[in-house]
Structure formats: structure tokens, C-alpha cells
Amino acid sequence: MYDMLTALINGALGWGWPEWALNLLSYILIVTIVLVVAPLQMLFFTYYERRVIARMQDRVGPNRVGPEGIWQPIADGVKMFTKEDIVPQAADRIVHFLAPCVVVAPTVLMFAVVPWGPGMVPVDLPTGLLFFFAISSISAVGLMMAGWASNNKFSLLGAMRAVAQMVSYEIPAVLSLIAIVIIVGSLSINEIIAYQAGLIISNRDLPGVPDLGLGWFVFTPVGFVAFVAFFIAALAEGERTPFDIPEADSEIVAGYMTEYSGMKFGLFYLAQYVLNFLLCAITAIIFFGGWQGPGVGWLYAQGITPANPNGNGLFNVLAGILGVFYFLLKTYIFFFVMVWLRGAFPRLRIDQLMDFGWKFLIPWTLANLFSAALWVAFTRWGPAEGMLITVGWSPVLRWLAAFVVTLAINLGVYLWLTRVYAASQAERRRAELEELSAAA
Amino acid sequence: MPEMTPAELRARLATALPAALVEAEPLAITPPPAHGPQPGLFNPPDPLVRPDYLVSAALWVRDTLGYAYLSDIAVVDYLYAGCFELVYRFYHPTGGSSVVLRVRVPRDEPVVPSLTPHWPAANFHEREAFDLFGVEFTGHPFLRRIYMWDEFEGFPMRKDFPRQGDKYLGGESEG
Amino acid sequence: MLQTQELQVNIGPQHPSTHGVFRMLVTVDGETVVDLKPVFGYLHRNHEQIAEANSYLQNMPYTDRLDYFNSMANNHAYAMAVERLAGIEVPERAEYIRVLMVELTRILNHASAVGFMINDMGAWQTPLAFGMREREKILDLFEMASGARLMCNYFRFGGVVRDLPPEFIPNLRELLRALPAYIDELERLLRDNEILLQRAIGIGILPPEVALSYGVSGPVLRGSGIPYDVRKAEPYSVYDRFDFDVPIGKVGDVYDRFLVRIEEMRQSKRIIEQVLEQLPDAKGGHINPKARQNVRPPVGDAYARIESPKGELGFYLVSDGSTKPYRYKVRAPSFINLTPLADMCRGYKVADIVVILGSIDIVMGEVDR
Amino acid sequence: MTASPFEIEIPRGRVIEVQRDDTRVRWGGGLLRGMAVVWKHWKESFKLNRSYSQIHGTFTIEYPEEQPRIPEAYRNMPILLYDDETGHELCTSCFQCERICPPQVIHMTQAKDPATGKPVPAVAEFIIEYDACMSCGFCAEVCPFDAIKMDHEFELSTDDHTRLTVHKEQLLRPISYYAKIAPTMWAEVRESALKKLQGNVRRRPDVIGLAPQLTEKIAARRAELAAQAVQAAQAAAAAPAAPAAAPAEGRKLTPEEKAAKLAAIRAAKTAQAGESATPAEAAPAPPSPAPAGEAAPSADKAAKLAAIRAANAAKKAAAGEAPATLPVAPADGMAGDTPADAPPAAPPADKAARLAAIRAANAAKKQQSGDGS
């Protein structure tokens, strides 16, 4: 991305600036863009969520401020800014103040590795995915700080729940991503996106598939299971219904946010919605090809790329626009699904959430990991790696075999797990009842 | 659907728990007016039970007659007659009309044995009666005010409780 | 060993899901409830004292404010008590209109009660919004008949305020077409929902014997498996002329109470259909007894109870022969149904408390009186 | 829990146990079905659907732009009715509503005939505390004269609490207004209400019981008529044989005309009496009503003026200057009622004027009776 900016500034505008100035300028530019885009996404998401969920409830939603109410989030923001910032007397003032910052900072940092379009990633880290998840878990510290510093029992309960939930749901999230990482063989987010070129079938799995940018992982059994598991885990990470337990307003008021008001409260909201955006974005990137879509790959190939430095800059812009369009479209669709779930479901209890995470999601994603390994073995391994069955098979056959085997494994594991899980739940309920009646 | 008239109940109670019954005398609810039509006396047909025997009578109603659903305990303050009347109302779970036991206690010493240890349904009824009328239920596990705050003085549903005045308005700022 | 300490949490009086100003002093061990003490009275206005200072008719609008969801049911119980006390006959058409109104009340109460309970479980208002939609329609009907949506003040001693307006019955028939669709949809939305099952099954169990000994009534009692319904047990008004079933639960948990409420809505709809079939025409009697503004019952007492949507609602009245009741006692179902709350919650999680409370379906206007 | 120990028979119906089937193994289908329900609502909600028989589609009302449909029986706050044609209020201050009102927010005082001091079937002041009103509708229900009705107006919010104590001037609405908002309910009671009103109007002297909204108009009209009448009376005095102020026969009299007639008759009487006295005494007769006639647009100012003059005259009369007082009589009739119609903007002045007028009237009465005997 920076080389493209450098090329644009020095080449197209012909200013001939020194390297360091160019770098400084482009970094500042990109950071500014990211820092502006993040709150804008949050503003849009609050409006979007309220409108969508209102429609699901046969209502209209906010439509007073501006045409169709699009300035509603601005009005909310103004309200947040002008509200009194109350700190409880018994609170730990410093920690109380720091907590929202600690929560917001990682969510903004996570933008660094999100690719918006072809060649439009602020920092293309080779370990982008690792960075993303490593950073995201920092906010749990902030939540705990908020809950502890507020000196409120509801806050404390909420923070405890939040931390427990975040820590335990990172495991299935990461496990489901590892399946993809195994297939791709890289932690770089750009690589993962690049892998998903193709049509239904990725053209890396099956060379010769035309590149329409539709070779998404979600069309493979491994990717589908990983997608479902990851999306569920993402709901828990982003504290969305049915896993909005840390801030379950009907139980513990607002969880760790109970004692916050004004813009500090707003910052928690910002962090939460930005995180939701990022989780939707990462779902779209990992399983739905990110900016991949019909036309983007071709357009980008015509533009200035490291491989093709003599391309036309106009194509870069066109590819960027189209890529960002696809990317945001997918992201917003996932957010719609989040809102949809919120509209449809009640929430789980904290122990049920833990049960579900540890007893269902983790075994399921582990099995999926195994499937992913098989997928790689069937599609790529040869005799050298000891895979002797597939010797002499055509690539189509190999792909088909991989598909069928992983599908069978994943489906079987799913059905078996539902049974086991239901039985364990029934057993647990029975034990609890016994305990209760013994107590009585 | 068992039906039981008050007279039947009285007859059965007289055989089962003869010591529990008291002969009810008609009450004058209000002082008779000096002129004009006299309102008449209040004389319900239901059996009137001696307070000491209330628990045994109520449990007899529940266990022997099967009226296992304690619906209501109403306290009436007969200021002119100088007594509280407690109206216990029981229903049969298979349906039918109620049977009623009445207890009268003097206003200056309103003490009734509590049903709550034997029959948890009476819990809130008794607490309400204690809160609003000051009827003391001996043996109640948690006889605290239920509506009014604990520091409240007086019993607001008594007929001699002042209906107006701001005696309690300043209470909070003082405390 | 780490030193552990039980935590005391005040849920309420200002809390999103206490259905008003209700406080539960909860002792928790981690997230498990060790003990719970319901504390209320924040809305106490000494309703009974106010009523004893008013004339009989003046109390009618005050009864609206008891259980403000079901003002029609409150009106009915109070009107019945005064009619019993003063020996007033009610014309047949008025009785049918009363039944119609109370059954509509039951539907709207259950629709919103189920919605609120699911809300307490954490659904973001959607079942509630669907329920509120039907409720709004019913409130529209109430407005047509009585002039007000919530505080209907529609019943009078010996009748109702005025006859049904001409547009009432057609609109009601339209509504009856929507009700089955609504109830089916609610079942589709929630009945098999795995999350709801997880949250509702085995939670807040109240066994039948315990329920009876606690004196609870209404859907809570029936959810525990005791088919006690005042409409059947001691038929009042014209309820003995209708065919309807009494749904009961199996276990007595939150899920049973939820299912009982849904089934009761269906039964109420059945009753309304029968009312429409049997409704006598307007010539049957003067249903607005203007002459009965100053009731002066003879000395005596009367107790009347109805199956209000929340349970057995009773009014105990003692008359001293004047125009004001000497004693006016409300047997409020929400209040008594709270008696077993502590026992129902003990041993469950904090998150279950609000669900159990939601499944009892209380209205603080009635609890605190 | 297997067999319930409570095997209970139920008349006309069964006891049905709910279907729980909670032992089934579930795979998440219930979740998907729930999502389908919500999806359908989302999809349909882009259409407006307010039919009672539908459960899909948006049914909200965009309130300020779109007004809710209000049924006839709707009751919000009580209002008082007056007759459009004559301006007479239907209220007779029978106190039924004040008695029945559960929160006791209705207060009224009965009007008194200024001449005799006897109560008349009309209301002098009527106050409803809207802020404490519980909209139960009892007042409208018990009113035997259908004078108090429940309004449909619900936008009553205000930042001024005192404005929710509503006086008669703001409570009054013409019958036509009520007939518009509740046509059938008014049609039911129209006959009897108007008949009762006719009966009451006959017992109301002068302008008592008139809606204050109409007073400007009525005062102006009346002053005009009075001026005419005085002229007619003067003419009559010149030729005493003719009762010149005979009204036009054969049509209903509006209250203004009635009042004018009264004034005319009084003026005629005065003129006759004045004739027997010295001309100098009769001279003050025309000027008194004249100011009212001249200053028709600012009627209440004129009325105040008249009242002050009348008061002065009365004072003089009290001091024993008998001759000057007699002619005041017709004027104080005017002065006595017009200030009551003055808007409440200047209450103290209004009150003073009224006081003065009443005093003047009393003095005049005394004088008159003394003279007549």
C-alpha cells in the first residue's frame, strides 16, 4: 500500500520527495484514515442496528434526525459528549479513567491489519491474523479494570463474566481459524484472501478454476464449519446476543459499564461496535474472501502492483473501489446477521455459555482441525509426504475426495456432538435438581 | 366440588374442636345514629374461632376437610366495637365456594397465633396485617413491616390513624 | 484454602427487569443464589385506606390502578363484590360484555407477560414487540368501548358504562383472525428455541403440593400442575356457559408457566368466540345503570373473586350501611404469588432470578397497593 | 412428577397438560425457525399494515405528522359545553360532578342573581385541576344536564404547572365542537340536553350563565341596543303614551335583545319617573348609558368607566343626594355584568370594578325601592 502511495505521489504528481518524507506522509495519511473510519463505522453501525431491529419488530426506528434519521448517531454522540461524567465516590479514579482507553486502544490497533481492498492494507504483517487476535484479547484487561474500579457489584459480576467469556471463546475462535491457516499455510491476511480466488472452488486447491473471486472457504466443509464456529465465537467475543451476558441488561444492569456515563460510556460503546465491525470484517475476510469478488482480481492486475509496476493507476482506484464495496457489503451483511440474531434470540446463561463453548464448540473445532489436515493431505500431499492413496488421481478427484471425506467427518462429529451435548445437559440438569432437592 | 355452608362448618367444627368455637355476638360497626334509619348489626354466619385454637382449627380445615388453599386473610378494624376481626378464607382445590373462619381479638392487645410455620401461604398476608393493622402474629418467622418502612410509627389501616397531617413527612431529613 | 465470601446484591429497586420498583436482596455465592428476600412497598399508596374514604362508585377508577395491565379484570372483581354486597342484578348482555372484556384482557396480559419474560431472558424485545402489537389492537378496542386504553373504568354496579359501539364487533372479529396467527408464530419463534429451552427448563421449579401450600394462583398454580381456575372452580358471571379447557403444566418450571400462558390465550380466544355467538342483543336490559351512582348496601360483608390473568383477584368488602365501604380489602394475586419467590430462586443463578420473576408475572401496582 | 395427586374434574372442558417434549435431541432447528419468523417480520415491515387481522407489516403511527384515530368514546379531560346560538352554558352548577369526582379536582361556585342575591341555575366559576384529574369520566357520566363532557384533545403538555388549573373560560367549548368529535354520543342526549337548557335559561336573569368567550361580542351588541333603547325611551318620555320599546314580535329573542328590552323598559320607567321630577334631575339620564354606546369596541373599558361612575353616583346617593341616583339604575345593569366578562388579564381592576358595580346596584336598588314606595 505504501509503495503504491509512494508511486502515486512521486510518479503521478512528480514531486520527487525524499523517501522518509514520503513514508511519514503516507503513514500519517493512513493512520488518519483509519482513525476516522473506525468511529464512522461505529456511528453507522448504531444507526444500522437500530433501524434493522426496529424493522424486525414491526417498527420504524429512529427517523427524526435528518432524512430517515441518518443523523441520529451524531445526535447521540453530541448527547454523550455533553453529559456529565460521573465517577462514583468509592471508585478507583485512575483505573476508572484508564479502563475505557484500554478497551478502545486495541480495537483501533486491530485496524492495522485489515485489508480494505486489493493492496489496501495499512500494514501487511506476515503474522496478521496472530496480531489481530493477540491484540483483541487485551481489551479483556480493560473490561476487568472497568468492573473492578467501579466498585459496584453489578460491574464486578459483569467484568468477571466478560473476562471468563472472552478467554474461553478465544479458543474456539482461534481453533477454527487455525483450520484455515493450515489450508492456506500462512498467517498473513493478504495470503488468506489471495487463496480465495476462484469460482466456488479455490483455484489454489484446483488449478484452472476461473478467477471470479468466489473461491471462498465457506464453500468447503472445513471452511463452513470453521465459519459457523468462528461466527458463534465472534458473537461471544463481541458480546452480541445470545452471548451478551457481560452486559445483560435484564440481569446485571449494564455489567462493567454500569458506573460509566458520558463519553467514557460512549468509549465503551465505540469499542464494542468497532470490535463488532472488525469481527464481521474478519469473518468476511477469512471465510468470504474479503474484497474478493467478480472483477476485482482482473482490475487489480491492470493496476500498479509490485508485480506490475508499469500498470495504470486508474485501475488501482477502480479495483480499490470495487474491493472496498465487496468487503463492506459482506461486513454489513454479517452485521445484519448479528442484528438478526439479536432480534430473534434470548441470551444464554453464563454457565450454559461456558458449557457450550467448552463442551461443544471446542471439540467441534478440534475435529474440524483434523478435517483441515485431511483436506491438505488430499489436495496437496504427494508420496513424498506419505500420502499414497491419492497417487495418480486427477486434481478434480483429489478435491472431490477431500470434500467428501471432510464433509462426512464434520457432519458426523456434529450429529454425534449434539447427542452427547444434549445428554450431558440433561445429566447436568438432573444433578442440579438433585442438589436442589437435597438442599431443600 | 364440595360445598359447605357456614352452618355446616360450624356444626362439624363443634364436634371436632368444641373448644375452638366462640359464640359470636352481633357487632355494631358504627355508633348508632341519633336519628334516621338504624344501619343494623353485623352478624356474619361463619364460625368464630377462639384465637388460641386458630391454628388447630385452620389445620383441621386443611387436613380433614381438604380445604388446602388459603386464599385470603383480611383484617377488619371494628373501632366502635373495640376489636379486630380476622377473616380467614379457605378454598378446596377441586373448586366450590369458600369456608371462612373468623377470629376476633381485642384492639388493645391484638395477638394471634401465626399460621405461617404450618402453612406458608399465610406469610405475606400476616405480614401485611402486621404492617397495616399492628396485629401481632406469634410464631411468625419474619414478622417485619412489608409495605411501610421499618421505622414507620403507627398502623395506617387502623380506623383511628389520622388521615391527614404531615407527622411523617419530615421523617427522612431528621434521620 | 482461599477465603471466600458471600456477596449481597440488591437487585432493584431501580433495575431494568424488576417490573417496577421491586427489590430483591440476593445473597450470592459466585453466581449462585443462596438466599433472596423480596422487599417491596415502594409503590405503596394505601389503596385500601383511600378506598375507605371514597364512595363505592368512586373506587372504581382506583381499582384500575391496581394491576394497570388488566384494569377490566379489576373492575370486574370490584363490581362483583359490590353487587354481591348490595344485591344488584346484572343484565345478561352486560355479563357477556364483561366476560368479553376480561378475556381480551387475559390475552393482552399473557401476550405481554410472555414477552416480558423473554425480555428478561435477554431477547431484545422482539417477542414483546409482537405481543405489544396484539395488545395495541385490544387496547384500541377497549378505547372504543370505554374511552380509555389502560384505565378503562368501564364496569358499573349492575352493568357497564355504555353498550359496545357499532364498530366494536367487526373490529373484534378481525382481531380474532389475527390471534391464532400470532400465537402460532409466537410458538414457532420460541417454543423449540434451544436457547429458551436451556433457560426455561428446570428453572424455578414449584412442585404442586408446595404451590398449593403457598397459596399461589393463576398460571403459576396451573403451571405447577393443579388445574385450579376460578372460572371453573366457582363459576361466576356467565362462565358456566362456555366450553374451554384448563391447561396445566407438568413440572412447574418456567417453561411450563410459559406454555400454560400460551395455551390460555388460545382458550380465551375460544371463549370470546362463544361470547360473540351467544351475545344477547341490546334490548336485553339497560346496561348502564345511571341510577346506581349512590350505592348504599345494607350492613354485611361480601367477598368476590375472579380469575384475573395473574391469578385469583378478590375484593373483600364490609359495609356499615353508609355510602362508603367500611372495609375494603384487595386480595392481590401478584402479591401472594411472590410468597414462594425465595424458595423458587434458591440454588439457581443470578440470571435465573429475573426469569423466574418474569414467569410469575407481577405488576407492582397490585403488589404494593 | 408423574401422576398428579390433583385429579380434578372440570365442568365443560378438559384439563390439558401442555406438550413439553423436552427430551428430544435438538440440533438447532428451533433457532433457525425463530430466525425465519423474524426474517418474515423484517421483510414485511416495509409495508404499512394496520389491519386488525394481520400480524405483519409496520403498524406504528408517525405521531406528530399522523394523528391517531380517536374513537368517539375517548375521554381525556373534562370540558364544559355552551350553546352556540345563545352562548348559554349548559352547566347549572348542580354540584353532581364535584361530588362524584374521585380525586376531588372539580371546584365550582354557583352564580347569584345580582339583583336578588338568590342562586340561579348557572355557574359563576368552574375550576378543574387538570394536573390531578384521572380522566375517569364520572363527571360527564353523572351530569344530568350533559354540560360536562370528555374532550378528545390530548396535547396538554406545558411547562407552566399553573396552567393546568383550568378555569371556566378555558373549559368552555361550543356544542358544535362536541357534536363534531362525538356525533352519535351527542345525538343521543341532544334533545334532553337542549330542553333542559331552555328551562334553565328562563331562570337565568340577565347575562348570567353566558359563555365568557362571547361576551365581547355580546357586550358590544348590547351596548348598542341599550343606546338605542335609551333614545327610544327618551322619545317615549316625550310622548309618554307609547311603550316605544316594544320588541319585534314573533321571533325568538337573543339574550342581547332580551337584555336590551329590559334596559329599554327600565329606561322608560326612569324617564317616566324623571318626568315627575325636575328636568335638572332627569338630565343625567342619557349620559350614563352613552359611554357604553360610544365605546363599543373597547366595551369592557367603557363598562369599567360606567361602573366607576355608577359607584360614584352610588356614593353620592349614600351621601343623601337623592336626585342624582335614579337614572343610574339602567346603567348599573350594564355595569354590573360587563365587568364580569372582562378578560382575566386585569383581575384586580376587574374585581374592583365589579365590586363598585355591585355596590352601585345595591345603592340604586335601595334608592329605587325607597322611591317607589
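The letters A, B, C and D name the chains in turn, as written, and every chain counts its residues from 1.
Just so it is clear, contacts are C-beta pairs under 8 Å (C-beta built on N, C-alpha and C of every residue); 3 or more make two chains touch, one makes a residue touch a chain.
These figures come from a predicted structure and were not determined experimentally.
Measuring from the average of all protein CA coordinates, the nearest chain centre is that of C. Of all chain pairs, the one linked by the largest number of contacting C-beta pairs is C-D. Per-chain CA centroids place subunit A at a distance of 45 Å from subunit C. For this pair, subunit B with subunit C, the centres built from the Cα atoms lie 25 Å apart. Between subunit B and subunit D, the centres computed from C-alpha atoms are 51 Å apart.
Mean C-alpha positions place subunit A and subunit D at a centre distance of 68 Å. Among the residues of subunit B, those in touch with two or more other chains are 93-95. With touch defined as above, residues shared between interfaces to two or more other chains in subunit A number as follows: 56-59, 343-345.
Shared contact sites, meaning residues of subunit D that touch two or more other chains, fall at 6, 8, 26, 28, 31, 34, 37-38, 41, 59. Taken as a contact graph, with one node per protein chain and an edge wherever two chains touch, the assembly fits none of the named shapes, being neither a line, a ring, a star nor a complete graph.
Applying the touch criterion to all chain pairs gives A-C, A-D, B-C, B-D, C-D.
Of all residues in subunit D, those touching subunit A in their complex are 23, 25-28, 31, 34-35, 37-39, 41-42, 45-46, 56-60, 62. Residues 40-41, 44, 46, 48-49, 53, 212-215, 217, 226, 228, 232-234, 298-301, 303, 305, 312, 314, 316, 318, 320-322, 326-327, 329, 331, 335-336, 338-340, 368-369 of subunit C are the ones that touch subunit B when the two sit in their complex. By the touch criterion given at the top, residues 53, 56-59, 153-154, 157, 241-242, 244-245, 248-253, 342-352, 425, 429, 432-433, 435-436, 439-440 of subunit A touch subunit C in their complex. Listing the residues of subunit C that touch subunit A in their complex gives 7-9, 15-17, 31, 118-126, 129-130, 133, 189, 193, 195-196, 198-199, 201-202, 205, 343, 346-347, 349-354. Residues 6, 8-9 of subunit D are the ones touching subunit B in the complex.
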